[in-house]
Amino acid sequence: MQESASKKAGRDSALALAGSLFARLREGCAADWQAYTRHAFVRRLGDGSLPQACFRHYLVQDYIFLKHFARAYALAVFKSEAIEDMRQSAATLDALLNAEMSLHVRLCDGWGLSEAEMLATPEHPANMAYTRFVLERGLSGDLLDLLVALAPCVAGYAEIGLWLNADPQTRLDGNPYRDWIETYGGGDYLTVARAAVAQLDRAAGHRTGGDPASSARWPSLQLTFSSATRLEVGFWDMGLAPREP
Amino acid sequence: MQESASKKAGRDSALALAGSLFARLREGCAADWQAYTRHAFVRRLGDGSLPQACFRHYLVQDYIFLKHFARAYALAVFKSEAIEDMRQSAATLDALLNAEMSLHVRLCDGWGLSEAEMLATPEHPANMAYTRFVLERGLSGDLLDLLVALAPCVAGYAEIGLWLNADPQTRLDGNPYRDWIETYGGGDYLTVARAAVAQLDRAAGHRTGGDPASSARWPSLQLTFSSATRLEVGFWDMGLAPREP
Amino acid sequence: MQESASKKAGRDSALALAGSLFARLREGCAADWQAYTRHAFVRRLGDGSLPQACFRHYLVQDYIFLKHFARAYALAVFKSEAIEDMRQSAATLDALLNAEMSLHVRLCDGWGLSEAEMLATPEHPANMAYTRFVLERGLSGDLLDLLVALAPCVAGYAEIGLWLNADPQTRLDGNPYRDWIETYGGGDYLTVARAAVAQLDRAAGHRTGGDPASSARWPSLQLTFSSATRLEVGFWDMGLAPREP
Amino acid sequence: MQESASKKAGRDSALALAGSLFARLREGCAADWQAYTRHAFVRRLGDGSLPQACFRHYLVQDYIFLKHFARAYALAVFKSEAIEDMRQSAATLDALLNAEMSLHVRLCDGWGLSEAEMLATPEHPANMAYTRFVLERGLSGDLLDLLVALAPCVAGYAEIGLWLNADPQTRLDGNPYRDWIETYGGGDYLTVARAAVAQLDRAAGHRTGGDPASSARWPSLQLTFSSATRLEVGFWDMGLAPREP
């Protein structure tokens, strides 16, 4: 399906992307970005055709993923120089640990998955590759490197949610994944994603100045973003193949 | 002044120290611990004789200190393996960033110190020595090393507050430092300190087993605790000498 | 093929494993260890039947792997408390950066692969999963956690080399992978592996005392070792599937 | 003493400073830099009037300092993206661990100080402040932040050595500190310092582009350099006051 330019512009505007570093990085790996945000896993969430075993497999790994993402935001607090930046990352950490992970536990409970079961499941290599890549990028680089590695997940999920909500193939009635679609396509999550897009621009302002794409760090930043995007593709691939790792 | 054994036991009981790792570490550097918790700066807070310039100097450096302590708790979140441990350190981070630092700004405001002024003040070497020692210990070691480095501050301030409240030399009426004494000698702070003492024991349970003092790591843990205690002494010394660094 | 107990004992003795932490960790994940050290990739190196495209694919990824392994040994230097430990990890770092990587470049050159080509190849997710897991384990844990994460590679390759040298299925004459077999089955590499096994025991002595398997950290240490072993299996799997990542 | 502009230009030229980031950072904290490189401790090394107890005190703390500086270069290896950068920092690490520390042990031996004695001496707070500041800066920031924090020591000692060699107040005959002066004023050390100045420029090229002083990071980089310079002043102050910490 080829969507119209005006619909795409509407989503970009909803995410407040115009001129953002996130928009520029996304354009720099357009094919990978498309493979991630329009992945078969996503489409089959939208039309409800995803096998439930795939979704359960994804949910369990995503719980482990969230734990490491929370750790990455803790690292962002540590790596901040300004108190304002510390506060923003600490708020995200709090939201992940105390809201999103609890929501996740309730969601999984509805699918018959207990928290103990999730924590006892071995971590899939695709999960390890992504989470450890992000954490290590944050430790070997600076705050900007870390936030760039985090961006494909945080802002990408909002883009996926907005797209699914707008896509004529999406079916909400009777869709077992309706909660998921409405969460990531909803206003609360959009607020989270816009804050992340803005935080990335602010960090770039401190670390590269106003035009990151023309800075000496650009190739390295783009590589980090593109790598994280491909690791998101691997995460969806894992979701479609619910075998033991 | 020689206080009675029963008073000391009452304070230990208030801090829930019996058998704790914190109690054992404190005994392992008794002279340094006494030098820290009974420092002239502390005594002169208690009787109100501390020159106000000293207190202002301390307040400004303590604000910078709190920022780095918040970063250390963020690091503790990153270094945690269990979600329960992540949540506890994230709660302390939140309390530091969003309650204690705001309280501090209000307290300083009462002393005519603006937040901008505090952030523009050069960090004193005694402050750098202490905060960077703690952070680096956390990065080169594990979660237990980090929590041991943090303990003299968190639990020591409660002990100082309890002692000042009990000490006959303490004068609250008309004491310009009454707020400070009542904050650290009060029930809310005691709750914070008891939680830190318990967290330290739990981390030791995971990393050394039930008897840390007989583990192979003991000399290293004691050295970390003793070093941090001496750096607290240096922090009070700095408070008494309100020159530019 | 079922090999005799005496042959196995000979290899263990060559690696100086009796009573070592490495031996104990290896036993704790025997099936994973077998899957790694007797992997089809290894067997086909031994009998020379491995497609050359697989070996080239492996060589390129292994070059990227070595770079991150060198970084992990640099991290081990940073995380050491004793100068002797710093010196041992620095020697391994030097060997990796200045001997093994140069050897690798020459070996690859013989297979028509230039260093520039290798550095321009995208890193495979299986490679990222393994290397970043090791580095992150080293940053979130202590020196012992890091050395445990490194052990399956360092000591496992020696075990593989010794086994291939002893295996009747191995064919050296005309085997295009003879250099590889003789390198990892040779005395120089055995010396490297024995030093790593001994370093691991020394670090455990400092961090858990003389009986790590009965320490509170054992489940976590075993999980790190088992995870790294499974990531080695994933690395061989990648070698057998020489597609673009 | 007011030295001539031509002498100063000669030293700058020896250090290859023209247009370097190091030269620019040094100018940005000229008074602190003067306080460090022309400190009374330095002058009294030059004319031989420094009390020997001061020098012994300095030597012992400097041994502990070198250990942590070696750890900082290990961290620089970990934080490097390019193999060339890894190799340069690994070479410095090797030089520190295997040449400079051994030289130091021999030098101390001549002053009746054993390595065991040095390692048993408590680390002075001025030492902790400096070394932990550098290490923590490297962990919270990126490779450039770390190299900027290291620069005042590496390049400053060469400048001090060159200045002492040129200063008419310096007396070499019968000066008990002659070895020290000739080491840091000699060609071998100059080569080390020039390499560090060049490495800093290369890292800045990767992380800020060709004109770091006009980059958004400049205030933060200058603050790191100025802070490290003041911590060097504190290190000399410590040397002049050979009491127990």
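To keep things simple, chains are lettered A, B, C and D as they appear, and every chain counts its residues starting from 1.
In this section, a contact is a pair of C-beta atoms (placed from the backbone, for glycine too) under 8 Å apart; a residue touches a chain by one contact, two chains touch by 3 or more.
Model, not experiment: these values are computed from the prediction.
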| item | value |
| --- | --- |
| Interface copy of B-C among A-C, A-D or B-D, judged by whether over half of the contact pairs recur | A-D |
| Interface composition of copies chain A and chain B: same or different, split at half | same |
| Angle (degrees, nearest 5) of the CA superposition of chain A onto chain C | 180 |
| Separation of mean Cα positions, chain C and chain A [Å, integer] | 33 |
| Centroid spacing, where centroids are CA-atom means, of chain C and chain D in whole angstrom | 38 |
| Separation of mean Cα positions, chain D and chain A [Å, integer] | 44 |
| For chain B, residues that touch 2 or more chains besides their own | 71, 78, 135, 139-140 |
| Residues of chain B that touch chain D when the two form their complex | 71, 123, 125-126, 128-129, 132-133, 135-136, 139-140, 227, 230-231, 234, 245 |
| Of all residues in chain D, those that touch chain C in their complex | 67, 70-72, 74-75, 77-78, 80, 83, 86-87, 89-90, 93-94, 97-98, 101, 119, 135 |
| Touching residues on chain C, where the partner in the complex is chain B | 78-79, 81, 139-142, 145, 205-210, 215-217, 220 |
